[in-house]
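Next come two complexes built around chain A: one with chain B, the other with chain C.
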Partner chain A sequence: MDGAKATPGRTAGPYVSAAVLRLAILTLLPGLPDLLTGRVEISTPVTSFKRLQEGLFLYNHNVSPYDGGVYHQAPLFLPLFSLLPSFSSFPIFTYLLYIAVDLLSANALWRIADSGEAGSSALFSSPRREKRWSGFVIAALFLFNPFTVATCIGRSTSVFTTCAILHAIAKAVSGAPFGAMVALSFASYLSMYPLLLLPPLILLCYDRQRSERATKSGLKFAATCLSLVAGVLAVLFQMSYLVTGSWEFLRSTYGVQLTLSDLTPNVGLWWYFFIEMFDSFRSFFLAVFWLHLSSYVGGLTVRIRRQPLVVLTLLLGIFAIFKPYPSISDTSLFLAMVPLYRHVFPLMRHTFVIAAVIMYATFLGPAFYHLWIYAGSGNANFFYAITLVWGLGQSLLVCDLMFAVLRDEWEVERPEMVGKEIRQI
Partner chain B sequence: MLIQQPPDDSTTDSPSLEAVTGRVTANNGVPARKQPPPEKPSDIRRRSYIILSFWLIVLCLGLPIWWKTTTIYRAHLPLQEMLDWADGKACRPVFPLHISIQANALQEQEAQNLLRLTQHALDDLNDFSGHHLRLQLAPPAATENRDRDTVLTIRLVPGEATTATLDPHEPILDITYPPNAIPSPTSSSSSLATYVAGQLRSTFAEEQATISYLLSANSISPEHRPQGLSPDVAETLSKRTTRSLKYAPTYHLTFSLFTSGPLPSSWDIEGAIGDYMKPVLDLLLPIHNFTIDTQVQLYATPGVQNQVLNKEDLSSFINAAEWPLSPSIGGAPTVNFIVFVGNQTIAAPSQNSAEGPDPAPHSWLIPQWGTVYLLSLPPDTPHLSSEALKQPLLTFTSHLLSLTGTPRSGSLPLRLSTLSRIRSADLLLRASSTLGSLARLALALPSISIPSSVADGVSKTIRHLRMACETLGGPEGLAHARIAEAEAERAFFEKSMVGQLYFPDEHKIAVYLPLLGPVAVPLVMGLVNELKAWRKRRLEAAALGAGKKKE
Partner chain C sequence: MRQFLPFLWLSLLSLCVFSQAASDPDYHEQLVLRPLPLSALLASFNFRSNTTVSEFEKGNFRFFPRSLGQILQHAGTRELHLRFSLGRWDAESWGARPWHGAREGGTGVELWAWLEADTDDEADRKWLTLTNALSGLFCASLNFIDGTRTTRPVMSFQPEGDHSSDANLQLLYGVLPHEVVCTENLTPFLKLLPCKGKAGIATLLDGHKLFDASWQTMAIDIRPICPTNEDCVLQIEQTVDMVLDIDRSKRPRDNPIPRPPPPHELPCDTSKPYHAHDTCFPVDHTANQDWSLSQIFGKAMKGTCPLTDPDVPPVCLQVPNTRSVFVSEGVREKKSPDQLSRCFEIPPSNDFEIVLPPPDDPGQSPSAVVVTPETPLLYAERSFTGHGQERGGVRTILRNPSPDSVVEFIYMETLPWFMRIYLHTMEARIAGHSQPDKSLVQQVYYRPALDRARGTQLEVRMRVPPASTVFLTYDFEKSILRYTEYPPDANRGFDVAAAVITVLDARALGNHSSSIDGGRAKAAYYLRTTSLLCSLPTPDFSMPYNVIIFTSTAIALAFGGMFNILVRRFVAADEGPEVGLGVVIGGLQGRLQRLVKGVRGKR
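Right after this comes the complex of A and B.
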């Protein structure tokens, strides 16, 4: 199957049906969006739509949106949403914006899939690369993933980050380093953590440069990319400064992520830990958690140097587990990238366990949260236990995918071992 | 593979680096194990890079952050100075009291002479250097505008005999003298001078005793400690100190009306306070602020149901479980004044008491808490008028004065000015001893953190203590002592400091190990393995080189 040759009608199929599905849910079940917006699995303090509306209200009344400590999102969301007709009177425009962002993400994913980067990168070609899914299937898997749909209905602003990251990767594989860096700067501006994706993304861009204007020196290329990202971020910060009139937003958006001052429960592993933490060690363990999150970047980039897209995928999975305010939106981004590796699926060993654990956590998570918050018959440990299971499921998937990719590489070196069982030392 | 396993998913098995770099054994029925081919040099180098990338983060970022976030911040405290204050070496509390003599009927010369003699007599009587009475001659015309520093004016008026009366409303001592009592300019002693000195001394005896009691109760060094405080005086003073409330800039007064039946259900408390209590409160204003609230409760049951209350019953009369008497409102200590309308009476004190049979009292004072007044009324009084409340409120007022620690003797203005001096001394000593405790705490616990706010508070305290010490006896002295005491308390009870107290070094293992232990194992093992392999390679290479040389 080749997505590039698809007819226009076929291309439009998943997009149209996904848009119709979302519109149908939004219009036929009017209570559902607000219910999902309030769910901790979807809305974190840094992505919640409710908090965005609060910030928007303050902004439109000429009060600093960060007053009151509710709004922790990027300042440039405010003029964007102010341009739309008011959400309370015409919610349809907001819905259409979110649907459009989802479709744009799917489009980027489609392009990544069609480039074939997952199977054969510049430095490595997998012998199994013929066995893959087309962009059509991968885009459809993303668009109809329940996690993606729930995020869209819940109007979490993380969809913008997802879209920016996917576009950065799509630009990188199509040989447009400039576009990739700009898109990644936007993603970093919105959520900060995508900045950690920079090393593998620069490598991906470097490998995929168009031959007619390729920079040979790796260092020079990296320096250009870094200065480009720094420049775009500086412009975005300057614009934010002009919008809000002070540098307060840095503390209220990135500061909150760095210091975890809002301890609202979420599906991640940080909140419970820092509820229990002694005050005098809080800053130290915050640093430990952040270093833990960022320490993977170097090791993975060096180890899987030949397939930078794999590094990006694995890092997205790791971020979905270990970042300070994760939600199912991050998982949906990771799950969107995983099907690109259809060709190594046969090498994975725990697919059933992974699927079972993730489903188990998905169904029991809301139930345990209900027991804790609403029924009062459970306590915080209930919900934290299920988020541990959720993290376990995802880390199993990350590890298994890494194992499969490494084995795939290894079999190229040792063709005589293909199909034989191996033992890890 | 050197992916750190977080503690929660340590069960997952990740592919090890070796699995893909060649040291792999096939075990699908091949009887003899094949040796894997040797590792490629590029793989070895890559593995070193991976280990290096993790260790770089640990060493370059982790260690400095660990150092910076867990070192205990100890602001510099002037420990020696603080201990000096606590030991009384830094300030010698001296109360210079200026007393002016107004003798309009005397010649300037005569007056000067009398003054000199009286001062001599005073100095002979005085044994306590901290409390100085200084006489000065008032300019004859200045009768109205008294000097602010003058605590007492002596008005000498010619009369029949030697008498002394304290003016009840002004700090004035009127002394009359027979005409022949004026000392001649040459005489070295005079009965009038001795008399005036004796009067002054008795007027200020209580203040002097109180201040010397305070100084001796606080650990002031022996050379400043006054001698000759008789044990029974000390006992009375300690009783009074235990009875009075701890000093606070603001007191909250709660007036409660409890009735045993349905009536009376209302009272004109506002008017009564305005009429009978407000004047005294206004006089106390430089020393204390007051906030007031009132409440009425019907069908209130006292804790004791006896018709006649004995002395033992009084302590359990307050029904703490049912009466809504909150311990303190808004941080200020509460003084409770209770009017209980019922038909209970207090047993008259026993006949053999020194004062003889008293009429049965209606009220009693509860130390550091307030006053209860039993009011018996005709059964169907619906409203308590301001007049009916006169006696209770006058009792409350006098009890309030003793609850605030006002001395007993002398006229009211004198008592109040004495109170402000006593309070200044008290606050000064309390702030000094708090400073001393803080200094000793900082010395005793080397691992306690001292935030900069504490250092701020200490320096502010010392500055205000110094100023208070200089202006002791005046209103500024009280204000400075007040600030110093508040700052010292704030610094001593700094929250972040107290938290550290319960966190000894041993517990740090329990904090670090659960998370950092599992993280450290793969990091350290990876490094150790890598170093071992590197050494082995070096040895092999050396052996190879030696072998080649031999050939």
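Right after this comes the complex of A and C.
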């Protein structure tokens, strides 16, 4: 089951079938894309396709899309989608673009899986590393995950961020720090939060440098990477400035994420908290929430220094819970990375509870949202309660994976403890 | 001293003579009563006074109310329009609006003014001064017209007065659809009149009747008028239009509960095939067209205002000349040559009363009983589509009744910021066609809303072909607000201001097509749709503490759980120090024993 040995036909299998599945859904169920685009679980104010269309419409009619409260996405989407044939007359081109982005993400994931980085990194080799899934299985798990399919059909622009992050990781594990940093800069430019992935990604790049031109000094390497990211971001911002003609976009895209001025419900924990927050404490808690989100980066990077890919995976899981505007797209990215750790699955303690809680929230979330917004027989607390359960379920998964990975590390020092009961002091 | 006195007398006398001479044409008032179909009566009160601009600038107010004049001077306002409105004009049965809609506003309070300002900031400052001062003067919440409710219309409003072209005038427009217009707004309105509602037609204005009307609008318009070769005058025009339900108004105040009339008093349409002794289809147009002034307004009119221009008859009644009308003694009736209206000249000190008896023949055609209403240039109706509190749509149905002429108009909406409209979904479609027609919308001016800073401003220049109906639709999304931003009655919904439709003058369009692009097209007719009620999703207002605690707990669980795993060491279950309840109890026991031993040892 090694990806390197796979025949071209076998490689193309999941890609072709995933593309066919998506095309079939998009063409056979013409009402579904717009329905999914309107779902709060899929489209957030910063990723919604309908808002992108509005921004595009204003952009094409010479009204600044950032001088309004609807469009909060990166400026470079505007020329990109303007180049495509008009969505209202030729939707197929937009569909093809989204499908291609999904396939590119799957391809990056395939390469990450085939590198074996999850089981044996530069500083650590798991004794269980032989027990793993091939890139084929992992790419298929990503492509056929209902969350991924729904995101693609709902045409949320978070798929571009997902693709950029996966490519950054794939480049890093294949020993191409330059590509990794450029891809991460793109992801950060699109969604801002991937910037927090920079420390573990630099470590991953550092560990996987090609030996012939390796930089020995870690600090020097990190400084190079940081300046590279800063340079690429500066170029992107300059291009955005040229496209929109003003710096207004900074306040409208990143400012909205920082201050949460749009309180549209989503699957995260922020929206209801800041609806109910007293005005005098709003800024304080915004700072606390952002500080909380970034507090994990340092702790995880230091503690799991030997496996930077684990840190990246766990951080993606944490972002899917605690970022300002999360959607199921972020969860699908995390769930795409989790199968890379097939070898530590036996060490996880609460798999059934996690699966049950996530399924429970998946099915009850839309139902409770309907009760609140449409039926009027429930109130906002119904949906809020489900987002809490969803967040708790995911944090349990992150905790459990973290535990399993750490135990796996520990068992290298204490091989006699395999299968024994342990505790933490 | 002796030499001085005659001079003083002379100057005083001249002053009196001068003011008397000037007073005559400077003020007039008129009430026009027009019975409408379906037992309704339109009463239009109009009060108009002039003062020369030079006198005004010196602070010599005569008929111009000083309180208002000082506000205008202080806020640098050159032209002002203020509207207080209530109810809905039923264009289908009542026809065209009075004054061609130029003296009416949407439900609530509307204010627009041309301010003299060099910059936008200066205009905003003056606007703030103006709204706050007017708020105090009219006892209305005009001070709530803040940045989110203020727009600067580009195409819709044109100044009515004559302004010098070098003045830097800025038009600002604010609307409060939620404001309930009531007696406290009428009292200051009447105080602005020279006769203060003590004499003349203003004595008929009574809060009980005015705010019980099916539709009413109070308007104040101030504009400078510069006739050629004469001094500029500042004109203030106060207008009250109301449509009274005759049935309802005739109910005695001490017994207001309506009771069904006995069957033999029901006016029935005998032409219906199913008409019989036990079935009755009510006759719409001729029913209840008998009334008297004191029945309708609760009192008779007390003479005329002595300051009014005697050449303008104070009361006019628009009924066909064939109908008989009884009036009080001493009143002279003047019938107009078009056979459709008559005016009354009233002796200054007598009470005035009109009695309109029921039509002689109940079966005669409606046009013999009431003047057939004029067909408006355009019918407009606006409503929400969709359901749920997440998103919706707005649909405006615009109907051109004319069989041969195109109607061109500007449709303006000012929407609150929490209605996020999607302009790319806006389309205009002719009824009966499935595809939107791009040629209907000619020009769009759009200023998107900014959260908590300003509302949406949408102006669409459209045309409706003859005898057709056009649907203008767009989608919007309802945003959820912070819980402190909801009003106390959050589940009632939020009022959305009326759309203002300015129908452009077709003749002017034909003649000066080039000047229209400069936004100078003359308005032929104004109409406003009803205001709408938009229900937003609401959070649970009762539990901010609970939400803060629950969310914080969830975050603490995740944070604690993860860092617990990160910072603690792994050991086998049987290694390391003991933990648990037993260890704690054991430790406590040991300490206690040591303490007891120590105490004993000291003894």
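Here is the rule we use: the second predicted complex is superposed on the first by the 425 of 425 C-alpha atoms of A that agree within 3 Å, B and C clash if a C-alpha of one lies under 4 Å from a C-alpha of the other, contacts with A are read in each partner's own complex, and residues count from 1 in each chain.
In this text, a residue touches a chain if its C-beta (ideal position, glycine included) is under 8 Å from a C-beta of that chain, and two chains touch if they have at least 3 such contacts.
As the structure is a prediction and not an experimental result, all values here were calculated from the model.
Assess the superposed three-chain arrangement around chain A: do chain B and chain C clash, or do they fit?
clash
With the two complexes superposed on chain A, say which partner A:D262 touches: chain B (first), chain C (second), both, or neither.
second
Looking at A:Y384 after the superposition, I want to know if it touches chain B, chain C, both of them or none. Which is it: first, second, both, neither?
So A:Y384 only meets chain C here.
Given the superposition on chain A, which partner contacts more residues in chain A: chain B or chain C?
More residues of chain A are touched by C.
Answer with first, second, both or neither: which of chain B and chain C does A:C399 touch in the superposed model?
A:C399: touches chain B and chain C.
Given the touch rule stated above, what does A:H292 touch, chain B (first), chain C (second), both, or neither?
Both partners, chain B and chain C.
A:E421 in the overlay: touching chain B, chain C, both, or neither? Say first, second, both or neither.
both
According to the stated criteria, A:L58 is in contact with first (chain B), second (chain C), both, or neither; which is it?
After superposition on chain A, A:L58 lies in contact with chain C alone.
Could you tell me if A:S280 is touching chain B, chain C, both of them or neither one (first, second, both, neither)?
Only chain B; A:S280 stays clear of chain C.
Kindly point out the stretch of chain C, out of 206-214, 368-376, 440-448 or 476-484, that overlaps with chain B after superposition on chain A.
206-214
Could you give the residue numbers on chain A that contact chain B in one complex and chain C in the other?
The answer is residues 269, 278-279, 292, 295-296, 299-300, 303, 321-322, 388, 391-392, 395-396, 399, 402-403, 406-407, 410, 414, 417, 420-425 of chain A.
Write out the stretch or stretches of chain A touching chain C in their complex.
Listed in rising order, the residues of chain A that touch chain C are 38, 40, 50, 53-54, 56-58, 63, 67-70, 261-265, 269, 271-279, 292, 295-296, 299-300, 303, 318, 321-322, 372-374, 379-381, 384, 388, 391-392, 395-396, 398-399, 402-403, 406-407, 410, 414, 417, 420-425.
Per the contact definition, I'd like the list of chain B residues that touch chain A in the complex.
Listed in rising order, the residues of chain B that touch chain A are 1-4, 6, 8-9, 11-28, 37, 46, 49-50, 53-54, 56-58, 61-62, 65-66, 69-70, 449, 496, 499-500, 503, 511, 515-516, 519.
In the complex of these two chains, what residues of chain C are touching chain A?
It is residues 387-391, 417, 420, 422-424, 446, 448-452, 477, 479-484, 537-540, 543-544, 547-548, 550-551, 554-555, 557-559, 561-573, 576-577, 579 of chain C that touch chain A.
List the residues on chain A that touch chain B in their complex, please.
269, 278-281, 283-285, 287-288, 291-292, 294-296, 298-300, 302-303, 305, 321-322, 388, 391-392, 395-396, 399, 402-403, 406-407, 409-410, 413-414, 417, 420-425
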